[in-house]
Structure formats: C-alpha cells, structure tokens
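Next come two complexes built around chain A: one with chain B, the other with chain C.
Our next item is the complex of A and B:
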C-alpha cells in the first residue's frame, strides 16, 4: 500500500506542477513547448496502449492523427463552425481507424507493424497527392482554434486536461475486463482463441480506442500550430512515436510523457545546437533497445524495486518489462 | 489514353520499375526468410548505395565499378550493423525490427550530412546511351538494361538457392535452425552472410535506381514502402513471390501514375489490402 501511496503522491505533485506552470513565470515559449510535449504524449499514449496492452506495435499512428488534423483543416477552410469541425475530425478519425483495424486485425507482430506502416504511408500519399482536398505539399494553414481557448495558456490547460483524461481513461481500460482480454491476446493468442474469444474483434476494438486517442492528438496539434502538412503523416513521425514509447517504457503509465519530453526537447531545443540531432535521436533509441529495453520509466521502476529489495511486487512502472518481454517471448515460441 | 503506343510505353515503364523493385525486394525477402527480420534499414541501404554509386560513377565514369563500390560499402555497413548490433538481440522479433529502424534513422541522417540534400542522379555518360526504336516506340536502353540486370540476378539467386551447397545451407537454416546447427554449420555466420548479401543487393539497386529516379532525403522511406508492399504481396521469404509482386506493383504503379495521378499511391495498397484479407501469407508465402 505504501508504494501505491507514493505513486499517487508523485502523480499529484506532477499534476500540481503542470497546473501551476503558467504561473511560475514560464514564458509563452516554454508553455507552448509543454503543450507540444503533452500532445506528443497523448499521441504516444495511443501507441503505447496498443503496444503495452495488446502487444501490437503500430508504425502508422501519425497517419491517424494527421487524418484528424486534415479533417479539421478541411472543415475550417469550408468555413464550418467549431462543432462541425470537431465532428468531421471525429468522423474521419473513426473511419480511418476502422480501415487500419480492419486491415491489421488478422495480423500480429511484425506483420502488424508492416500493415500499419503501409496504411500510414497511404495517408501520407493521399495528403501529398490529393491536393484539391489537402492542399498538397503546402498543406492547410490558418486553422484557428475557437476563441475561448485562443490564449496560449488557456489552450495549455485544455491540452493538459485532455492529457490527464486520456491517461486516466487508458489506465482504466487497461484494468477493465476488456484490457485483461487484450493482455491475454498479447501473451497467448492461441489460448485466447481456444477459450472462445474472437481475436480479430478484440484487436479491432483496441485499435478503435487507440485511434480515437490519436485523432484527439491530431485535433489538438492542428489547433496548436494552426497548420497541417503531409509530413505530419510521414513515416518519420510514426517512428518518432515508437521512439517515444520505447524510450519512456512500453506499457508504463508515464512512459509516453517521459519519452515525449526527451524527444520533443531533442527535436526543438537540441536541434538548435546540434545539426545532426536525428543521428543523436537514433543513437539514443539504439542504446535504449540494446541496454534498457524497459525504457526510462520501466528501468527506473526496476531500479527502485531492486533498491528496496523486493523484486516480486508489481507496480505500474514495472509492467514495461513484462510487456516487452512477453512480445519477444511469444515470438521465440512461434 | 488507350493507344497501343502509350500502353506499350507504360508497360515497359512498369516492367523496368518492377525490375528495380525486385532488386530491392529480393534482398529484403531473403533476409526475412532466413533470419525472420524485417530489415527496416533496407531503404537506407538503398539510399547509401545510390549516393556511393553516384559519387563513384562521377569519378570513374564506370557503372560496373560504381555498382561494385556501392555493394562493397553497403555490405560492409551491414556487416558492422549485424555484428555490432543485431547479434545482441538475435531471435527477439520486435527489438530486431526496432533496431533496424534506429539504424535507418542514423544512416539517412549521416547521408544527408555527407552527401547533402540535393537530388542526385547517375551522370548521363555512364548510363547506357540511346534508345530502342521499334516503329513509333522509342524506349531508353538503360531501362531495358535494368530489366536485364534484375532478370540475371533473380535467376542467379534462384540457382544458388536450389543448386549449390551454400543455397542448401540457407534452405536448411530456413527450415530447421537447430538441426543445421547440430550438423556443424555455424548458423550465426550464415545469418551475417545473408544480411550482408541482402544489403549489397539493396546497394546495387540504389546505384542502378539512381539512373531512373533521383536519390534524395526521404527516398529511403519511399523505396522501403514499395519493397514492403512487394514482399507482403509475394509472400515473405519467397524469391518467386518477390518477382511476381515486383512486376505486379511496377505495372500497377506505372499505369496508375499515368491514368489517375491523384490516387497513385492508393492503387498499390489496394492489391496489398486484398492479399492481406484473402491470403495473409502472401501469394507464394508459406504458413510460418
């Protein structure tokens, strides 16, 4: 119980810090950067949910977020009001997620990875070529968010609220019977099938949930930057998401936030000092896979447990290792 | 739009692009068949091979030399990657794939640093000059040469795989790793060798491809995508599958780009989606 209380206190402190940020004298740049981090964390959470709970590593989630962004962009260019914009974004997101899910629900492991990669590239291709709708290479700019969240700090609170809600919701789903079934699928697909579970429909369901979250991130990001272009759907973007998830720790609660912080900082801050920042990012990623498979959050959890001398207990932070090990374990046996 | 001349032209475009795809996809599918790795750095290997090929071709004016240099540089890079990184995660499907993603990231960025961001092509004088002329149809010899190269390499790969001792070891490694290890073959070096050969094929494809389409940042993702679609359609691990998939995708891509350019990308995914739904192991794939 002590550990649980500690974790709760930690989360509380983090939340208070988050709430207080605009009042701590942070400049608009810092606050907007934090918004960027939080949005990246929301998007990464959607990937993390699929990878951690369901063992499905997606390389196409940037495409879902971009589809949602394009939905808002297109709607705002048609002069539709905010409610309709959001509705269109939601519709596009659900439709795209459904296509992703339909194509990928019978696959697992690297097949899943390749199918999602391919569908993501398809969206990139459409964004690039279907210029009558998407504006082609130039994308769509001037997408203004609603007036009541027009200020950078009011918008920051909206993003923060979304992040907290998404994290809580995904955590709850992970602990629901549905989440338990997903973990069962992750660990042994054949066993779940023989128990009478319809594997594809569970996969599809998980993908729809994840896609919905990714679409929310897409909506938030187009409102933050007022701009969407084909590169937001590109493979590099999806690879960034995987890097965030692995870096933070697959299947951990705060992994996406930690990973997003590192990656966004490297991308936005380090990039002005080091020209070869993609190389740095790639090397960090390679080192994490080689030496700290559980990611930052997972490894920290492990370290904490080792220091306390009881390795058997399960904490939210410690599940990363079990998720990633389970993924490789299953493929060993196959 | 449906004139015979236009159709013949597009069919040749499709075949030559398909030939390039085959060079690319065969390496990817061979590596997958033996090692069960989807090498996400394959596109970056193509890119590196393209740049090296262009530089050597510009210096020496010799296409053969450029191809050999590209194969050597990319092969050596792959050797280092295999020995230095992949061996540590052998047999763990996901970490292997993720590692190759990281490698792709680093190679692509270093290529940008070394070779710059401008599109690069093979200099005109090393490409086979002139064009084939049949009646009204004229078609550059270089693209026909690409088809020839792909055919020769494809036949060579199939012969090596089915007729030689090396091929027998590789096939045995695909079928049963433990038995072939017990029979005294060091499968780890077979893996390394196959990874290097697959990468060298990508390097050669890069050099030859630089005569058909520019090498520039981002090309690594595009060609990787095409190669993945090809091997998903053909069936992972199958050389004949890669050949059929390449020709299919090459032709579809050529005609789609000519007829419905706005949906050009879309059209190569339709066959992939159909294959995935109706025959998830691909046309020539085996059940794992």
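Our next item is the complex of A and C:
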C-alpha cells in the first residue's frame, strides 16, 4: 500500500513537472526536444506493450508509425483538411497493423521477429520506391499541423496529453482480463490453447492495439517535424525502439519514457559535444544488459525494494519487474 | 492480491488519467506569454554559422570532408572578412532527417545562428531547407544534389552553393558523348534511388537530344558489392558507351573492379561525378588512368585558385587530393567570404540575395552564378584521370561546357510540370 502511494506521488510530481516545463524558463528548443522524447516514448510504449504483456518482440513498428506519417503526408499534399488527414492516417495505420497482425499472429519468438521485420522492410521498400505517392527518397515535406496547435508549446501539451492517455490506457489494458490472457499467452501458449483460448485472435487484438498507438506516434511525429522520409521506416529505427524498450525495462510503466529520454538525448544533445556518441550509446546499452537486465526502470524498482528491506519478497503474481525480468531473460535466450 | 485491491488500483489509475486531462485543459491557455521571440541578429560584426553534416554513421567520410572543406577555407584565409567574424558551430546529424531537424532547431533557437550550411544527404537537406525557410534563416547547400531542392521545393532562402542537381551536371555530359565523344549507342547503370534516377535522366536526355540512343537502362541497389551480373548485362547489351552513376563510396571501385576484371574496354566508360571521385582514384590506382567522367568539379584543372586549394588541402590531410565534397565546403566558404567582402555583414534574405546576385568569376569550379531558383549555373567538365607531377591521380578536364543550368534545355515551367524522375520516368 505504502509503495503504491509512493509510486503515485512520483507519477504526480513527474506530471506536474511535465505540465510546468514551458513555464520553467525552458527555451522553445528544450520544449520541442521534450516533445520528441515523448513521441519516441509513445512509439516505444507500443513495442513495450507487445513485448511486456504478450512476449512478442516486434522489429517492424517503425514501419507502422511511418505508414501513419505517410498517410498524413500524402493527404496534406492532396490538400485535404485536418480531419480527413487524421482519418486517412488512422485508416492506413489500422490496415497496416491488421496486415502485420494477420501475418504474425500464428508465430512467436524469433519467427514473430522475422515476420514483423519482413513487413517493416516491405513498408520501407514501398516508401522508397512508390515515389508518386511517397516522394521516394526525398520524402514528403511541408506537412503543417493544424493552426490551433501551431505554437511549439501548445503542441507540446497535445503530445504530453497523448503520452499520458496512452500510458494510462496501456496500463489499464494490461490489468484487464484481456491483458491477463495476453500474459497467459506469453507464459504458456499451449496451456492457454488447451484452456480454450483462441491464441491467434488474442495476438491479433494485441497487435491492433499496439499498432494503433504506433500510428498515433507516427501522426504526432510528422506534425512535429513537418516531414517524413523512408528513413523513418527503416530497420535501424525499429532496432532503436527495441533498444529504448530494453534500456528502460521491458514491461515497466515508465520504461519507454526513460529509455526514450536516454536515447534521444544521446542522439541529439550529447552528439553536439562528443564526437563518438554512437559508442557512448553502445556502451550504455552493454552496461544495462550486463548489470541491469531488467532495464533502468525495472532495476531501479528492484533496488528500491531491496533497500527497503523486503528484497526477497517477490510477489507470486509476478507483477512488475519480476515479470519483465522473465521476459528479458526469455528474449535473451531466444 | 485480492480483487478489491485490484479494482482500487484501477480506479486510482483512471483518476490519474482524468486529472491529467483536466489539468491540461486548464493549463493550456495562459502559456501564451512565454514564447520567446527570436532576436534578429543585428550588425554585430559576427556571422554565426550552423553547419550540419553527418560526421558519424554511413556517410561519415563524405560528411567529414564537407566540414573539412569549409574549415580549410577559414583556416587558410582567416575567419575575419571585411570586419565580419565568422563563427562556425558544427553539428552531427548521422544522416538521419529527424536528427537533422532537431539539430537545425537547436542551432536556430538556442545558438541563434544567422545561416545554416548543409546537411549532405538529399532527404536531410530537403527537411532542413523547409524548416530554415519557415523560420527565415538562409540555408546554403555545399553538396546536396537533389534536383527538387532548387526546383519543386525551391524557396527564397535555400541556395545550392557548392554542387549541381543530379540531372543538371550529367545532361551536358550526355550531349558531349553523342557529339565530340563520338558514341552512337549507350547503356546506363545507375544507383536505384533518387540521385541515380536524376543522374541517368540527365545523361539520357542529353545523349538523345544529340541523336544518341540509350538502348538499355540497368539499375543497381546502393548496397550492391558484386557487380559481375550487371557487367554481364552490360556486355550483352553491346552498346558503344557505358554510362555509370553512383553516389560515391564503395560502388565505384567495386564496379570498376568487376568491369576491368572481365577485360572490358575502359575507353567505353563514362562515369558520373561520384563514381570517379578521389576515393575511387585512390582505391583503384594507376590502372584507371585515362578513365573519363562528368562533373562540375575537376581537381586537375589548370587554374591558380584550384592549385592553391589543392595544395592547402594536401597539407591539411597528409597529401590527399580533395574530392567534390571538400570542394563543395570550400567553395561555399569562399562564396560567403566574397559576398561579405562586397557587402559587409548581411543576414537573412539580404544574405541570400547578395549570394544569388553575385557572379563568382574565379571560383574553384570556374565562373559560377545563380538562377531564379537559387541554383548554381556553372561549368561542367568532361574529365580524364591523369597522373600529374606530384605522383597523384587527378581528374583533368578534357572538355568544358560553360554556364550549365538546371533545366536541361527546357522551359522552367515545363520542367517543373513533369513528374519527378524515377526508373519509369526518365524525361
């Protein structure tokens, strides 16, 4: 009970900090950078949801986000209004997620990884080749977000609201009966099947939810940068997402935010001062894998509990870090 | 865990969500005040330059060369011109458009630069150009070759200062091949993405406008390392001339190894800028003496400014001869210096119009001016690899076509009405 209150207070403080950021003298650059972090965190949340709740590690989520971005980009190039742009992005996202889900719902582990990778590559290829729609390698530029969120700080609040809502929604879904079934699938597919669960449809459902969140991230990202190009669908982007999720801690609530903060800051801020920043990112990743397999959020939680004297008491329900640890162990073995 | 605990937790979570929404709705409006307005840099005597280039990642070599060229000019000539001090902040974008945009935003909003130079890769260049124009900051491009940068995406603040569009440079090369070159038929092998499509389109239109015939067009993915299958296709096509366009890096030498390894005739080859850049020359060595190529840059041109630049770079880089990326950075710097020399400190649109109205009589590229879309009009060289007195291989011009613009002999409006070049549309 005490611990939960502490967590709630922590979340509250974080939220207040987030809300107050533009008033704390942060420059427009810092606020935009925070938007970038939050968008990366939303996208990572979608991967985190699949990996943490369902044990499905996707290497194709950048493709879903990019499909949504391209939907908006294409629609804005046709001169359609905002409502239609969003509808088209939504339609494209759901269609693409459905294809991903349909192709991957009967697979798991490394096969799931390969199927999502393949579909992701397909989207990359289309973005690259179908230049009459996607603008080819040059991409689509000049995608302007609606005027009411035109200011950097209004847009920041929109992104922050989306992040809070997505995080809360995914948390609730994870605790719902549907989430429990997904966890069951993750831990023992054969047992769930023998209990009468339709494994593929649960997988498909989980993928659609995750895909929807990824699509939202794609929409937010194209409105932030006003630009989309094939590189946003690339495999390296999907790998980046996995790195963010593992850094933060698979299956943890704030893992995606923490991971995204580290990666985005290294990529965009540290790189101004350190020439070999990719090496730094690699080192951080290796250190986390070696010494904090549950990720930054997961390991910090474990450490806190140990400090408070009940380190050995792992709940049999397997909630939180012990569950995420199991997943990361599983993935490690795979 | 009892069900009650679970449900209370759920209620708490829902509470957070709802509270967040209310908090946001209440908080958003009063934020109107902070938006810090950009303070326009007055005539402070310093021109702050933000330089974005991929100095890590897949394009690190080219990116570093572009920065080196820029720095080399200021190191040799001093950072003060006509009372104006040049201050450069270099940022790495790793060739990634999102990072490029964040860096551009950082340079403009945090460092308050007066002008952005770079980046290098086509899609990063287009993204940054769009952003820079939206905040009223001039953007100079030393290397980016995407046609659209100064065509469909052209704006008043974007200038291509140190290179030419992909199709622009190769068009006169095609014309030369069909006339003075004396070739009747050609087969093309180009990289299968925007730059390759544009290069090939330029060559093909030039070659065919002078009565030549392109009998086959072959495309290779950028990641190709083994070119032997493409070389057999070329052999089977049996054309007089083989035109090859790569975006620089490994494909050039890899292709030449496959081509020459099969014993095919080097005199039938005509390469684009980047397939025969200094990297290729250094890798292949003396065996490619006599190899012909088309480019806006010729390091072996007999001119005082070129010699001065080449000597300075050789000293800077332990004897290496500069390629097109170094030259792009260098020529951009010398252009900025010349404009400042003439006008004193100018920023914003004044800087752009000062540049585009300027005719650079004696640049390392030759006589360069700018068109209405802020693109370079300048000479294109047909070059031949020769070993000069210092023992290095140079691309030496054997023919020069002056005042080449980006419209391939068309009316600008007609050219802009076309679809963008692709495998299926070559003009």
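We adopt the following convention: the second predicted complex is superposed on the first by the 312 of 334 C-alpha atoms of A that agree within 3 Å, B and C clash if a C-alpha of one lies under 4 Å from a C-alpha of the other, contacts with A are read in each partner's own complex, and residues count from 1 in each chain.
Following the convention adopted for this analysis, a contact is a pair of C-beta atoms (placed from the backbone, for glycine too) under 8 Å apart; a residue touches a chain by one contact, two chains touch by 3 or more.
All of these numbers come straight from a predicted model, not from anything done at the bench.
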Partners on chain A (chain B, chain C) - clash or fit: clash
Partner chain(s) touched by A:121 [first = chain B, second = chain C, both, neither]: first
Partner chain(s) touched by A:270 [first = chain B, second = chain C, both, neither]: neither
Which of chain B and chain C A:157 touches, first, second, both or neither: second
Partner chain(s) touched by A:278 [first = chain B, second = chain C, both, neither]: both
Chain B versus chain C as contact partner of A:208, first or second or both or neither: neither
Which superposed partner A:11 touches (first chain B, second chain C, both, neither): second
First (chain B), second (chain C), both or neither touched by A:199: neither
Intersection of chain A interface sets (partners chain B, chain C): 128, 131-132, 275-276, 278
Partner chain C, residues of chain A touching it in the complex: 4, 8, 11-12, 15, 19, 22-23, 27-29, 32-33, 36, 128, 131-132, 135-139, 141-142, 151-154, 157, 160-161, 164-165, 168-169, 171-172, 175, 221, 225-227, 229-232, 267-268, 271-272, 275-278, 315, 317
For the chain A and chain B complex, residues of the former touching the latter: 57, 103, 106-107, 109-111, 113-115, 117-119, 121-122, 124-126, 128-132, 234-236, 239, 242-243, 246, 275-276, 278-279, 281-283, 285-286, 289-290, 293, 324, 327-328, 331-332, 334
Of chain C, residues touching chain A in the complex: 1, 6, 9-10, 12-14, 16-17, 20-21, 23-24, 27-28, 31, 34-36, 55-57, 91-92, 94-99, 101-103, 105-106, 109-110, 122-123, 126-127, 130-131, 134, 146, 148, 153, 193-195, 419-420, 422
Complex contacts: residues of chain B adjacent to chain A: 38, 85, 88-89, 91-95, 97-99, 101-106, 108-110, 113, 221, 225, 228-229, 232, 261-266, 269, 272-273, 276-277, 280, 288
